[in-house]
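Order as written gives the chain letters A, B, C and D; numbering starts at 1 within each chain.
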Amino acid sequence: MAALIWISLALPMLVAAAALWRPRAEWTRYSQTGTAVIELVCGVGLVLAVRSGGPVVTAGGLLRVDALSAYLLTVVGAVAVTATWGGLRPRSAGRPPNGRYSALICLFLAAMCLALLADNLGILWVAIEGTTIATAFLVGSRGGRRALEAAWKYVVLGSVGVAIAFLGLVLLYAATEAAGHPTLSWLALSDGSITLDPGLARTALALAVLGFATKAGLAPMHSWLPDAHSQAPAPVSGLMSGVLLSVAFYAILRMRTISDALLGPGLMRGLLLAGGLLSLAVAAALILRQRDYKRMLAYSSIEHMGLLALGAAAGGPLALAAVLLHILGHGLTKASMFVVAGRVLSVEGSSKIADVHSLLARRPRLGVPFLAGMVALLGLPPFGLFFTELGIIVGGWQRGLGWPMGVALVLLLVVFAGLAQHTASMTLGEELEAPAGPAPAKSVQGSNVPIALALAITAVLGFAAWPLAHLLADAVAVLGGAR
Amino acid sequence: MTAVETGLLAQLALATLAVVAALVAPPGRRSLAAGSATVLLGLAGAVTGFLAMTGGTGAIRVPVALPLLPSLSPLVLAPDRLGGLFMLVAGAVAAVAALFAIGYASGPVASRTGWSAFAVFLLGMQLVPAAGDVVSFLLAWELMAVGSAILVLAEHRKHREVRSAALWYTVMTHLSFLLLLAGFAVLAAASGHTDFASIGRAGIGGGTAGLAFVLLSLGFVTKAGLVPVHVWLPRAHPAAPSHVSAVMSAAMVKMGIYGVLLVVLRLLPGGPGWWGVLLLALGALSALYGILQASVASDLKRLLAYSTTENVGLIITAVAISMLLRRTQVTAVADVALVAALLLVVSHAAFKTVLFLGAGAVQHATGERDLDRLGGLSRTMPTTSAAFGVACLGAAALPVTSGFVAEWVLLQALIHGGGRENRLVAVAMPITVAIVALTAGLALLTFVKAYGIGFLARPRSEGAAHAHEVAWPMRAAMTIGAVAVVVLGLAPGPLAVTLGRVVGAHGIESAGLLGLNLPAVGALLDPIALALLALGLAVPLTVVAVRAARRRPRRVVELPWGGGGIRVSPRMQYTATSYAEPLVRVFDDALQPTRDLEVSHEAESRYLVNRVQFRQSLSDVVEDRVYRPAIALLARVGERARSVQNGSIHRYLGFSFAALTIVLLVVTW
Amino acid sequence: MTLLILVVQAIAMVALTPVLIGAMRQVRSRLEGRVGAGVLQPWRDVRKLLRKETLRAEGTGGILAAAPLVLMASSVLLCVLVPLVSTRTLPLVPDDLFVVVSVLLIGTVALALLGLGAGTAFGGMGSSRHMTIAALVEPTVLVAVYALSIPVGTSALSSIVQARVKDPAGLISPVSLLAIVALVLVVLAETGRLPVDNPSTHLELTMIHEAMTLESSGRDLGWLELGSWLRLTALLGLVVNLAVPWGVAIHLNAGSVLLGLVAIVLKVVAAGLLVAAGEVFTAKLRLFRVPELLAGSFVLAFLAVTASYLVA
Amino acid sequence: MPEALFSELLAATTGLLLLSATLQVWRRSLTASIRLLAVQGVALAGLVAAIGLHDHELELLPVALLVLVLKAATMPWVLSRVSRATGATREETPRMNPTSALMVVALLTTLAYVVSQPVVAVNPGPASRAVPIGVALALIGFLVLLTRRRALSQLIGFVVLDNGIAAVAFLTAGGVPLVVELGASLDVLLIVLILRVLTSRMQLAFGDTDLDDLTELRD
């Protein structure tokens, strides 16, 4: 089973190397999708392995797969398949294959896998910094001043933020060394076998969470997110919003477990509550009068990360399970939404909300998925996000976070109003006399199958997800479940 | 498997069937296929509801990923008697509306999406009262909301206002959902369970219960369309296709009532007095405000929408009265009030369905919805006119209709509830009586206007002049509804007794010719006997009149007298607007109309008036005074907030730095 | 037996009504210094109208034919239901206050629809004003009788009257006085007497009732007139029986019933004459001052209720 | 190595770190602050070597070498390439004038002392007593990031921040595990290279490397 770990790590790098070696080869078009599929397969395989035989450990304990990481690996695979397949442009689109682009995406995937599979927090940090490196040029790949600006802000803000996390890890290591056995292994830290100096541990963990919050897009460290998401190519935005944030959030979840084990729930609860509510507030305030629909989607990501933070702050089996399921649902939906948004941009030629109207009437192939995805993002049934938001709120209330949850509900209403208003103005409305330019051919558009699949999965998630239930339960147990 | 379980599964199956039919049937046959499937869906709901209402039991459990975790129970569908009643109402209304839609649906409503959404909407609505736990309740609730929202914006291509209507509707619906979510979360947190039975057993009290009650009742009355959270109603109902607005107004709104009853009877029974006062205030205010707005409205469907607010207000008033009386140990009268509430629910469902369907038929036949452009339809559309007329009698609470019975029971409860024992009740009762009476009076005017202006007199527009009677399914649907209005009004006894059983009320008896006897308040109502007596007097008169008419028939003259043999021009008639003018003046303060008068004089002398222009527009006061400012404020906040992301990387780094310093200081302190 | 009494009562009222109206007109004209047409003139008018040819304008519906009959029937039913001669009621059809009011309203609605049916300017105008007043009157009626019903604990008019016969002390209690005054005012409004409406005007802009019946002629008009007069009789009868309930037959024997019959006739006529005399000295209110009057009467009724809690 | 010498060395190296950083805030010349960066690298390497010799952890010596190569040679070289490529040699108008910036440096240093109390408390010793300097260095790096307009200055600020964190790492626990150390250094190097590429692209796109031009993306 350890083989799967190595495959999921090594194979993307090999593909990347090959793609860089032959950047113009026709197969590179499909290389990233293929890699994504393999990641998905590895994820499922590891899930089964973990379900049957417990955590899989290799590389002398540096790499370790438990239920949580296996589940998230699967999520990464699934979302990556959606994003890359949806971003696939067939030959007839007339674009030359771009091996460097594919290679970077493969490296990006590899970095995320490493982050998920590493048991050593240091390596986790290295991997997350690695995602910044891999995506830097992807964000800038559209060229032009705006893309450049986005890339610069992304790299500077991201690496500075993550540097803070490194400071935290350093202090944590110092604490362990002071305690007698220096280690950065999450397992050792979270099973409560070591007792650290609380003062130092507090500082260390707080800094680490603050740093990772940057990549997780939690306010007030979120500033890079709207720019990067709105400028990156659609599949990349999808990947970043769909899983990169979640991977960073995964790091926060690990930190939270350690902190709860060492210091009790107070510290993390405070930090996550502040971050979550602040993120919701920022999202609500900036969605209200948003002009640009890709930025709108980016802020909705901030909103969802805020929800996740609230769920993590609440803790407890219900909220945590809801958080994990929410990661999957949000990833799939947001990835497809960014793909659709990219197509809208390519046919409408503008990312301004004001310039796009009556999509349902004029471009049903774009309008219908856009509307459906929005309904999913707004957390309405039958989509799974309905259940997970419900679980987070109820779970939070059960854990005594009544007032924060109440505030969150108010902010959610504002977010809903804003998103609904913008969506209505984009999709609804009468057909114009002139059918606004030549309707783009399906071939240029790319297929709706991945989007339909992703949304369908999100839809059945709430009802038919009981195969997942036990996996989720295990993952919650990994996170220290009831604690 | 019990009958109820079969019924529930049948509804799921039929809904699926309807969706499939909508998707696969060829456009020509789609309405018939999907329509008949939805009719069956509604009937299934009605039957299941009846079974559950008369004591049938059964439960269906659906496992869900999250609920498999210990702290949430699986989705449970287990209607109790009360739920059964509401399922019955919803199903019956749905069936009639669907039958109507077979003939009515056209354009986007008849599309695949339209019919599928309709089926989903109906399914969700019929499952709300079946839900046995929080999650399934909210799930059904949101299915209902999503389905109805899609239908509300069905016409979005043609009419611009539909978009804003849909927006208002979705946002208000979401507000109600979030309130419910919060309220249920409070209950779940307090009781540790999410199924209603356990929550009810938990016996939550004190501040927690109060908080939950406020949140839940606000959420439910938002859906029920009470003032001040009614604003979506007068927008969504005109925007939606008529069969949809019929279901929304006659059945969906009732789910809000069901929710309130669920809270005060099952989840948090025996709450403190201020609960009743709160509900009473909301209900009475809504009744008065709603009927006032309705009486001055000239858009037929807007008028009906506001009258829904009024009726719901009356229902909530009845519920609140029963709560108050139960606290003051006048339980017998409290039971009567509760039964009155349920009677109001049933009768409103009956006549409001017909009214909205009638409005739809009129719109279908004339293309007009504005009363000021209608008229003379009683000759061109006899069936519609008759059905609409009967329903108007019901809405005006005149004998012998269901509306009269319901209001009679309510008034009986009111005048017998009073007493010196409890100061609160002693003050509340007369005020309530007065408000209910004024409401009834204005309702009378409203529906005399609706029928008299819309169906009598002369056509006021081309469309009205060339109206034609509608297709048979629509006629059939309206007739069924009208018959129901009369039958329920003639034979209230059995119905009231059943309703009494539903809420475990005592002292509700059937007497005389299917009449209704309330020994608790020493009052008896036997509509059939009354009708017989009236006939006994009317028949001889009619005979005399008819014989006279045969001896000397009326001579038809070209011109009406009209104060001097005037020429006939429809424009000389009173319109709905002018009809309500005196009322607008009387209630100037409450309605706050905006008038402007332009007088332009002749050039020669300013004593010679050239032309006088008078404009008057009525808008919803609550909307102008509460919602508009709030929206404007939000918009301003949004504008301000945009400066947070002003693009300067230094500012962004500043955020991070500030966060870093704050966290460092906090954790090391 | 009871039915018989009620039928007798109805017939008596139908027979009495024109005379009553005649008497009232006569009193007015005498007080105004005119000779007057004589007490029996209304009788002749109705008879003449019922014989005359009836016209119907083109494009008007059957409502013009139906409404008069409905009004007439409802008024007669009113005479049957209201406890005038005796306090005996049919077992299945008690003279419940709300039923009585609703029967009254049926007539009101019939008139209003009639006004709209013709599709002329004046009909609509009258109908609109008529309904506005009716709507504003309703709270007063209910609250006033509510006040009277509190001591008795039922909404059956007969029981109220009976109770008031039984204890005359209650008659002059503030409760009953306030309530009665309120009732008188609403009866005047509901039956279109001064100061709300001038029954003898034909100046279109001021009229309410007349405007609605403007399109009716012949027997239609006859039924309408008789019907609306009957409403006046019945309501006056009700009020006087509530105010001075003496003479109402409580036991079922010919003597008391006869006495009751005579008593009610005398009382109604007396009340009518009072009203007529009063009308001579009052001017018609502007339409938009009428709500103030009704508000006043409502306040009286409401005070009556509160008084009944405080005093009685 | 005797304690006295060790603490001498510590004082010297850390003092040099702080001094160079302060000078970087002071001076407007970019070339100068790049040289100061090299000095910082040397000081850091010296620090590592000293700790390694003192704690007899010989595997720290190759690390010291790595630090020397990376922070004292490679990065300054890269940055000077940048400054030559973009012709940016001076920070004409910093967003905060040097005087107040120096005041802020003083503040940040005190803040650093305050917040690193827990670290000092855990294992008192000459090394950990020097930790505040590392933290101060990191904060100063942040300050440079915040107050300088030129892209290059932000590069410098980032490197200073990183130096600070590295200093903290070595002072507290003689550095993180080697594999992490390698990964981290590699990451930092790559980030710097990426930023370098972006800077030259910026030069091409804007004809300038003033970060105030980067305000097209906004709400």
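Just a few scattered comments:
The working rule: contacts are C-beta pairs under 8 Å (C-beta built on N, C-alpha and C of every residue); 3 or more make two chains touch, one makes a residue touch a chain.
In this text, all values refer to a predicted model and were calculated from it rather than measured experimentally.
Look past chain B and you find the other chains held together by touch in these sets: A, D | C. The chain closest to the protein's centre is B, with centres computed as averages of CA atoms. The most distant chain from chain C is D, comparing centres defined as mean Cα coordinates. Here the CA centre of chain A is 43 Å from the CA centre of chain B. Taking each chain's centre as the average of its CA atoms, chain B and chain C sit 36 Å apart. Centre-to-centre separation between chain C and chain D, using Cα means, comes to 100 Å.
Chain centres here are Cα averages; for chain A and chain C they lie 78 Å apart. Multi-chain contact residues of chain B (touching two or more other chains) are listed as 641-642, 644-645, 647, 649, 653, 660, 664, 668.
Residues of chain C in contact with two or more other chains: none. For chain D, residues touching at least two other chains, in rising order: 115, 117-118, 142, 145, 154, 211, 214-217, 219.
Contact between chains, per the stated criterion, is found for A-B, A-D, B-C, B-D. Every residue of chain C that touches chain B in the complex is listed here, in rising order: 10, 50, 53-63, 65, 69-70, 72-74, 76-77, 80, 90-94, 96, 98-99, 102-103, 105-106, 108-109, 112-113, 115-125, 127-129, 131-132, 134-139, 141-143, 146, 149-150, 153-156, 204, 214-215, 217-219, 223, 287-288, 291, 298, 302, 305-306, 309.
Against chain D, the residues of chain B that register as touching in their complex are 641-642, 644-650, 653-654, 657, 660-661, 664-665, 668. Those residues of chain D that touch chain B in the shared complex are 95, 111, 114-115, 117-118, 142, 145-147, 154, 211-212, 214-219.
Within the complex formed with chain D, the chain A residues making contact are 62, 120, 122-123, 125-126, 129-130, 132-133, 136-137, 140, 144-146, 148-153, 155-156, 159-160, 163, 166-167, 169-171, 173-175, 177-178, 182, 184, 197, 199-200, 202-203, 226-227, 230-231, 286, 289-291, 295. The residues of chain B lying in touch with chain A in their complex are 62-66, 68-72, 134-135, 138-139, 142-143, 145-146, 153, 156-158, 162-163, 166-167, 170-171, 174-175, 178, 181-182, 184-186, 188-189, 192, 194, 634-635, 637-639, 641-642, 644-645, 647, 649, 651-653, 655-656, 658-660, 663-664, 666-668.
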